[in-house]
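Below you'll find a set of structures to go through.
Next, two complexes with chain A in common: one pairs it with chain B, the other with chain C.
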Partner chain A sequence: MNVSLCREDGTYEAGEQLKAKWRISRVSLEQLQGLEVSVLWHTEGKGDEDLHVHHFYRLGEAELQELGIDDLQAISCKLPLSPLSYHGHLIHLRWCIRLRLFVEGRREIVAEQPFHLVSCRGGIASNLTHRSPSQ
Partner chain B sequence: MNGLVSNPFCTRFVRPGAIPYQFDSFDVAGNPEGSSDLAQMSTQVSETRHSVIVGPHGSGKSTLLQTLRPHLQAAFCDLLEVRLIASQPQRRMVFEASERLHAGGLFVVDGMEQLASWQRVWLFWHSIRRNYSILATAHRPLRGFATLRNTALSAEKIRQLTEQRIAAMPDDTKNLILNELSKRSLGPETNLRELWFDLYDIAERMIALERSG
Partner chain C sequence: MPRFPKPWTKKRGKRQSGYALGGIAGEAVFYASLFFVGVFALSTVLIAWFVPERALNVSSQTLSSSLSYWVFGVLSIALILSGVGGLLYRLSAISTSHERRLSGQSILGPGADAESKLPSIPQGRMLTDSPGERLTYRLAMQKPENSGIFGAALLALLWSTVWFVLLAVVVSGFFYNRPRYILTFLLIPLGGIAYWAFRSFIVQLRRIAGIGATIVEIGDHPLMPGESYRVYICQMGRLRLRRMKIILCCEEQTFYRQGTDVRVEKHEAFTQVILNQRDVVLDPQAPWEQQLSFDLPENIMHSFVGSHNAIRWKIIVSGESRPWPSFCRSFPVIVHPPGLPPNRSPR
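After this line comes the complex of A and B, so read on.
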């Protein structure tokens, strides 16, 4: 499975439209049972984790059979104003497109495409590398 | 893209259950031999009414429970699990859950040492009266419970698990982390979770350096 963003630097401004394409590969059409597409943010670091799904849809077996696996499929959604991507020493806030593919034999394949959500594209560097002086 | 490298020691990757439990001779994930070992342990739990996984803090007891869970779910008609931690033992939850369990079911108590001895004895006799099994985790063997496995880690195993965590990191980060490991006294009493918590800081500093170019 692969997901590709419409922007090479993978950086989007808050409130902007996110557009991406996905395609299933190396799995036969007959094996597919379902697919969940989410645009979400999650935290990672030393402490407890947090996660929020911003945009979600599910394709059942019949819908996947109808779509087939030859063509690229599109995802599009309006991104929110916050929370913005953040990278600190103890915590990171990451945005990503996550695809969960359910295949025969109760197997699950997950693919993620990270991207950055920033306040304005000119301020990418300061948004992404902000660290306290002690770090 | 900048800033997208994940720290291999962040909670997401090292919380109990995030990494499948690894037996000494083989990797469980995707290995039929490992699966049969888990199936065997699950049979042992079914046959022995009271069993316990023993090991020090952060040695993989909860991870083994998580890895075993699908096998236990298949072996028992009912399964309830409670996790007791020192800061929030919630002992009442244990008694409430034990009342809900069906006969022939399995009650999993992660952190049995958080219960007072009289509470353990009560639970033991309650399970006999109500006909359910108990699988517990504890720091020491428990009276009346068969020890299913001791998860204490050898120094070699700790190094091996850490090397697996950092396999995708750049060489300089790997070397720093391995150097830190070599300075530590590793053995069965090592709390792997805490050790990895410390290594998070080293990895994070290196990731930040990479990010800033």
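After this line comes the complex of A and C, so read on.
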């Protein structure tokens, strides 16, 4: 499976439209049983994971047969205003498009395409240095 | 061969061994036993007290003095209360699932509103429901420091009362030529604990009495990166501070499970010193007041609350003092992502 974003730098502003394309390859159409597409954010770091699915849809076996796997398929959704991507000391907040493919034999194949959700003024939030009034 | 269900469960990582219902039933039986033992003991004490001629032989020897009646009576009541409380708590777990009970309950407390325009950002309505005298909003303190004094006062009072009652028993024993040597020796460690509890109470009382209220007001809320804000600080009390510091701080908080424990880790991701002043004198007639301003940098993370992770912003007022204890008070603020239209307050 591969997922490609409409922007090379993978950076989207809050509230913007996310557009991406996905394609399944090296798997025969008969083996496919279902596919889940989600746009989500999750945390990484020392704490337990928080995960929130912003956009989700599932394609069943019949829908996949109808769509076929030869063509690129599109995903589109409006991104929320928050939470923004963040790289901190204890917490990393990452946005991604996650595809979960269900194939014969109860096997699952997962593919992720991360992207950055930034503020309207741009820039990924990160932990800054300490400042004093003179600085 | 049918397996006998275990009356207990054990947590192994995220998995639980045994049957959950079996564990609840086992605990319910345990608490019910506590209750019945308590009822039996209390009945024995009451019979020995009111109808001594019908009391059991054991109780007539054991409950030979008035003190024994009281000790056994209090223990019996404690057993009954523990049994009833535990039984009710455990039985409540049967009617609702674990997930249902946890739904809507974040470890970090109430935070973000999922239906809001800014998901995962706390709305902070409670922070701005109080108008300020000098600036628009008076910020609420995170945790009042004087909440701990009630516990310390209660502990000191109860422990000292118990100690004086025991002292009276010992003195009366010597007076009536029935000395209680074991109780006499026990008075020494019990007195030490009473002294520690009383000293802890005095320390808390000094802190409350010496350091008065702290008022923090802010010109606008929620905060937006790249903007400037005015803040008014007022510190009351009667003491001399070596240093007074006002800091804007962003703290990362994570909660994680280690075995069956829930651990918290905090990290100050960003601190900005708004004021750092030496030798501050607080006078009850004229409180220390300052009107300051600070700039919030661009490219900072907004406030965020998840189930196990949070990013919290706060203004910290801390004072370093001798011989009074130092103090540190936090006033949470909410930071929104940049580029949003500001919230217009009717104030």
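Following the convention adopted for this analysis, the second predicted complex is superposed on the first by the 121 of 135 C-alpha atoms of A that agree within 3 Å, B and C clash if a C-alpha of one lies under 4 Å from a C-alpha of the other, contacts with A are read in each partner's own complex, and residues count from 1 in each chain.
The rule we apply is simple: a contact is a pair of C-beta atoms (placed from the backbone, for glycine too) under 8 Å apart; a residue touches a chain by one contact, two chains touch by 3 or more.
Because the structure is a prediction, the values reported are computed rather than measured.
Enquirer: Classify the contacts of A:Glu63 with the two partner chains as first (chain B alone), second (chain C alone), both, or neither.
Expert: neither
Enquirer: In the superposed arrangement, which partner chain does A:Glu104 touch: chain B (first), chain C (second), both, or neither?
Expert: Touch status of A:Glu104: no partner.
Enquirer: Based on the superposed arrangement, let me know which partner A:Pro114 touches: chain B (first), chain C (second), both, or neither?
Expert: The first partner, chain B, only.
Enquirer: Quick one: chain B or chain C, who's touching more of chain A?
Expert: Higher number of touched chain A residues: C.
Enquirer: In the superposed arrangement, which partner chain does A:Leu81 touch: chain B (first), chain C (second), both, or neither?
Expert: Touch partner of A:Leu81: chain C, not chain B.
Enquirer: Which of the two partners, first being chain B and second being chain C, lies in contact with A:Ala14: first, second, both, or neither?
Expert: The second partner, chain C, only.
Enquirer: Regarding the shared-chain residue A:Gly47, is it in contact with chain B (first), chain C (second), both, or neither?
Expert: After superposition on chain A, A:Gly47 lies in contact with both partners, chain B and chain C.
Enquirer: With both complexes superposed on chain A, which partner does A:Glu30 reach: first (chain B), second (chain C), both or neither?
Expert: A:Glu30 contacts neither chain B nor chain C.
Enquirer: If we overlay the two complexes on their shared chain A, which of chain B and chain C does A:His89 touch? Say first, second, both or neither.
Expert: Both partners.
Enquirer: Considering only the contact definition stated at the top, list the common interface residues of chain A for chain B and chain C.
Expert: Residues 45-49, 89, 128-129, 131 of chain A touch both chain B and chain C.
Enquirer: What residues of chain A sit close enough to touch chain C in their complex?
Expert: 14, 43, 45-50, 52, 80-84, 86, 88-91, 93, 119-121, 123-133
Enquirer: Quick check on the complex: what are the chain A residues that touch chain B?
Expert: Checking each residue of chain A against chain B gives 9-11, 42, 44-49, 85, 87, 89, 92, 94, 114-116, 128-129, 131, 135.
Enquirer: In the complex formed with chain A, which residues of chain C make contact?
Expert: Against chain A, chain C makes touches at 117-121, 225-226, 250, 252-257, 265-276, 297-302, 304, 306-309, 311, 337-340.
Enquirer: Across the complex, what residues on chain B touch chain A?
Expert: Listed in rising order, the residues are 1-4, 6-7, 10-12, 15, 197, 200-201, 204-205, 208, 211-212.
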